[in-house]
Amino acid sequence: MSFINQTKLKIPYPIMNRTFLAAAVIAASATLNLGAATAINGSGATFPAPLYMRWASDFKKVDPNVTVNYQGIGSGAGVTQFTQGITDFGASDVAMKDEEILQARTSAGGRTVMIPATAGSIVLAYNVPGVQPGLKLTRAAYIGILVGDIKTWNAPEIAKANSGVNLPNLPITVVTRSDASGTTAVFTGHCAEVSSEFTAKVGSGKSVTWPVGVAGKGNDGVTALIKSTPGAIGYVEYGFAANNKLSMAQLQNKAGNFIAPSVESAATTLASIKLPANLRFFILDPKGANDYPIVTFTWLLLKAAYADAAKGAAVKAFVNYALTKGQETAPQLGYVTLPSEVVTKAQAALETVK
Amino acid sequence: MDGKSITAGSSGALREYRPRPDFFRAGCWIAAGVTVALLGFILGEIVVKAWPAIWKFGFGFLTGIQWSPNRDLYGVLPVLIGTAASSLIALLFALPLGLAIAIFLSENFLPHPIRQTIRFVVELLASIPSVVYGLWGIFLVVPLVQEYGAILAAKLGFLPVFAGPAYGNSLLTASLVLALMVLPTITAISRNALIAVPPTLREASYALGATRWETILGVILPTAAPGIVASTILGLGRAMGETMAIAMLIGNSQRLTWSLLSPSNTLSALLANQFAEAEGIQVSALMYAALLLVLMTLLVNIAGEAVLRRAQRTVVGLK
Amino acid sequence: MTHLSAPAPRNFFTQEGTKTSVLRLFRNRFLTGLCITLALFTLIPLFSIILLVLKNGLPLFSLSLFTQLPPPPGLEEGGFGNAIIGTALMVGIALTLSVPLGVLAAIYITEYAPTSRFAAAVRFVAKLLTGIPSIICGVFAFAVVVMTTRHFSALAGGVALAILTIPTILLTAEQALLGVPNAYREASFGLGATHFQTIFRIVLPDALPAIMTGVMLAVARAAGETAPVLFTALFSQNWIHSLMEPTASLSALIYNFASLPYAYQVKMAWSASLILVTLVTITNIAGQLLFTPKHR
């Protein structure tokens, strides 16, 4: 009898009590919302991600009761998660296809409202030692590079338009996207519109199979790869290239002029677009003389009616901030301020959200 | 009587003892059952989610070369080749190195403290998270492979394995880092196998006049061979399942290529990159790939365990 | 094997036999040198990793790393306090699920029915589960938790990590329980204790140090894993409010920030690596030193 008492250690029971207590606390906190803050979650395109994340952190100062969490994981994932009801709002460079809107109606339980939040241009950024920014690429040149017909930087198609530039005999590394991306969709949409060879060899869409090159994840992954690989060229949103001091190519537009990417040249293109009622429009090959050829809006996807009233109000407040004060931050990060008619139409659409 | 008996309680007072169901034993049985069921649950869930793709693509999935979500074409042959190639190349580097370290740790070439340090170092290598290997690989290994790969492609580019252009994020980079990650597994199991060889065999060999290395190569290694083979197989299993470092280093390309210096992909990296954004049939296709991965790693691990068990039985018999 | 046949007689007065002896001696020394070189060669990559982690991770090291939130791209101040808390939270959830399950299952297969076919099956399945790639744990947790609860959550991340740690805890607990001398059990039964009392008051406390070692090794592994939390807990730029929302973690932070083109975020990834590697190493060492098993 005394043997058992000696060996009976005091440990098991207190540990059991503590474990149960910890389990109870965790179970309680799962349902408890610590603090009065409303948290809204969004995910989607990496194209506007720097801007949305900046808006999220600025908006916290405007309304400390709302925390906005945006994760840039690619337009494809953003739309999927939004239609499945996993996030409160989505973001996509290609808005949503009709089938996706239908699916959102059935699984997320309601209509979707697409609101253009900002716009930007897609550039071809490159890293060639010794070559200055502003390399002129004709349509034949950049399509040829992307399908793999042009393999080195000193190829005649590139040299023709750039007399006086010393192009090295360096192999071209094309950098593309590994994830499903609205940026890819817009970019390949333009290339397919411009070249039937591109349509045949690559096609267009959020996720395509490129015949050459390495792939990075997100606009940021592609930027990092271009920065670290001599001889690389890839497609990224203008802000990423500008903020990381990448050299950008001047692209030949439909009118035959070489236009350098900038907030102004993108704004010129945007000014000629008239948005339809559902605010979804893509301009694949603008006609104007000074238009930069690859420009797109990017949309925030919201539910028409939110089950949780607090969340609905928080989302509306955030998007309203984005459409008003947020537009001033946009050019700092390389995005285009929305034209005022677009803002008016967007705010009207926002009003329909409950 | 009637099944009840009198027994002494802890305070000394007499109490009736009624046989009660042992709840604790039942709880333990349930816990054990849940563990076994977990494997079935995982496999079942994956098969269910993969079924649409299995039905649609069948075996063509394994031989298809195109992975184009926008055209609904899914084939994982390049990815399977990438998985096999990266694992085998990693083993190619890790096996000699791991074996050398295991021999070093089981013999007394150098004093005990140095051996303990090396053992500690190898364990430390094993505990470093995969992402940190990836981060290190991005900033150290990628530029190295880019630089020397370009030279390799220039000199030996006529061989399909070294065909240029040389990318930094390539099969070679991922395989090198993978070799480092698999090294501790091979070392630990091989060392156990070498130590388990009975001292009598070693002494007999010395008595016959063999030098130390003749003993190692002629007696100890052949005896420990099953254990070393087991370590290789288990290392292979670990290599196939490795995800993060590979996803960060391999270049993520689904193109069929025979060159070590080109970007490639593995099953696990494919899942890591594409899973979050897949929809519709792409989810099924990725689940099909996940099923292939699970089956491959299970088979390899079962084989490894079987060989290991046989190795342990052989040595026991020798004593 | 020709080596094992009687070697040529070493007669140093005549020349016969000495040439082969010198050759054998030389080969012996050469192989020893090669072996030592290769063994020391492993130190190079490890030192390289540790050096780089220290060199790139220390500059940013300050208290703000623990108290501030990750900055949006372009801004250059901030920390990853939420990631540290997130990792701790998810590992905690994983342990809450896997330790009871693993230990109780181990008790069953060592105490109640050690020779049954069921126990053999449990051991076999546990070994197989250790080999499951961590990404599969994440995929499974996504399908089962995220899709049904319609949220990325710390809970889903914890479940994925639990699947990862259950087999390790089960196998180490089994070894720990087997290490308890049978004499203790027999003495306990002899004194009239029930099976439950024996296990709970004698066997388990005795095996507890070894079980704790196993738990700490599992913690070290779970804290460093990325694939299971990647699409279950996703990531977050904010402090945690509840268990049912996307949660940051150290490993996801390193993965996300490693390939960003912003130098500050990359430095944060290195600092996070420093903290993670330190944490994992200390946990591993502590687990093996603090809880020395009572019986060998």
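Per-chain numbering from 1; labels A, B and C assigned in written order.
Here is the rule we go by: a contact is a pair of C-beta atoms (placed from the backbone, for glycine too) under 8 Å apart; a residue touches a chain by one contact, two chains touch by 3 or more.
For clarity, every value in this text was computed on a predicted model and none was experimentally measured.
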Note to self: Which category does the touching pattern between chains fall into here: line, ring, star, complete, or other?
What the structure shows: complete
Note to self: Need the most distant chain from subunit C, centre defined as the mean of C-alpha atoms.
What the structure shows: A
Item checked: Among all chain pairs, the one with the most C-beta contacts -> B-C
Item checked: Where subunit A and subunit C are represented by their mean Cα positions, the distance between them in whole Å -> 36
Item checked: Between subunit B and subunit C, centroid-to-centroid distance (C-alpha), Å -> 14
Item checked: Residue numbers of subunit B (touch at least two other chains) -> 276
Check: Could you say which residues in subunit A touch two or more other chains, in rising order?
Finding: 73, 216-217, 225
Checklist line | Residues of subunit C engaged with two or more neighbouring chains | finding: 100, 200, 234, 259
Margin query: Which stretch or stretches of subunit B touch subunit A in the complex?
Written below: 66-71, 142-143, 146, 164-165, 167-169, 251-255, 263, 273-274, 276-279
Notebook entry, point to check: Across the complex, what residues on subunit B touch subunit C?
Noted result: 22, 24-25, 27-32, 34-36, 38-39, 41-42, 45-46, 49, 96-97, 100-101, 103-105, 107, 109-110, 118, 121-125, 127-136, 138-140, 180, 183, 205, 208-214, 217-219, 222, 234, 237-238, 240-244, 248, 268, 271-272, 275-276, 287, 290, 293-294, 297-298, 300-302, 305
Note to self: Applying the document's contact rule, which stretches of subunit A touch subunit B when the two form their complex?
What the structure shows: 73-74, 76-80, 83, 171, 173, 178-180, 203-209, 211, 213-217, 225, 228-229
Item checked: Residue numbers on subunit C that touch subunit A, as the complex places them -> 71-75, 92-93, 96, 100, 146-147, 150-152, 155, 184, 187-188, 191, 193, 200-202, 204-206, 208, 234-239, 241-246, 259-262
Check: In their shared complex, at which residues does subunit A touch subunit C?
Finding: 1, 3-4, 7-9, 11-12, 19, 22-23, 26, 29-35, 37, 39, 41, 43, 49-50, 53-54, 56-57, 67, 69-71, 73, 84-86, 216-217, 220-221, 223-225, 227, 240, 243-244, 333
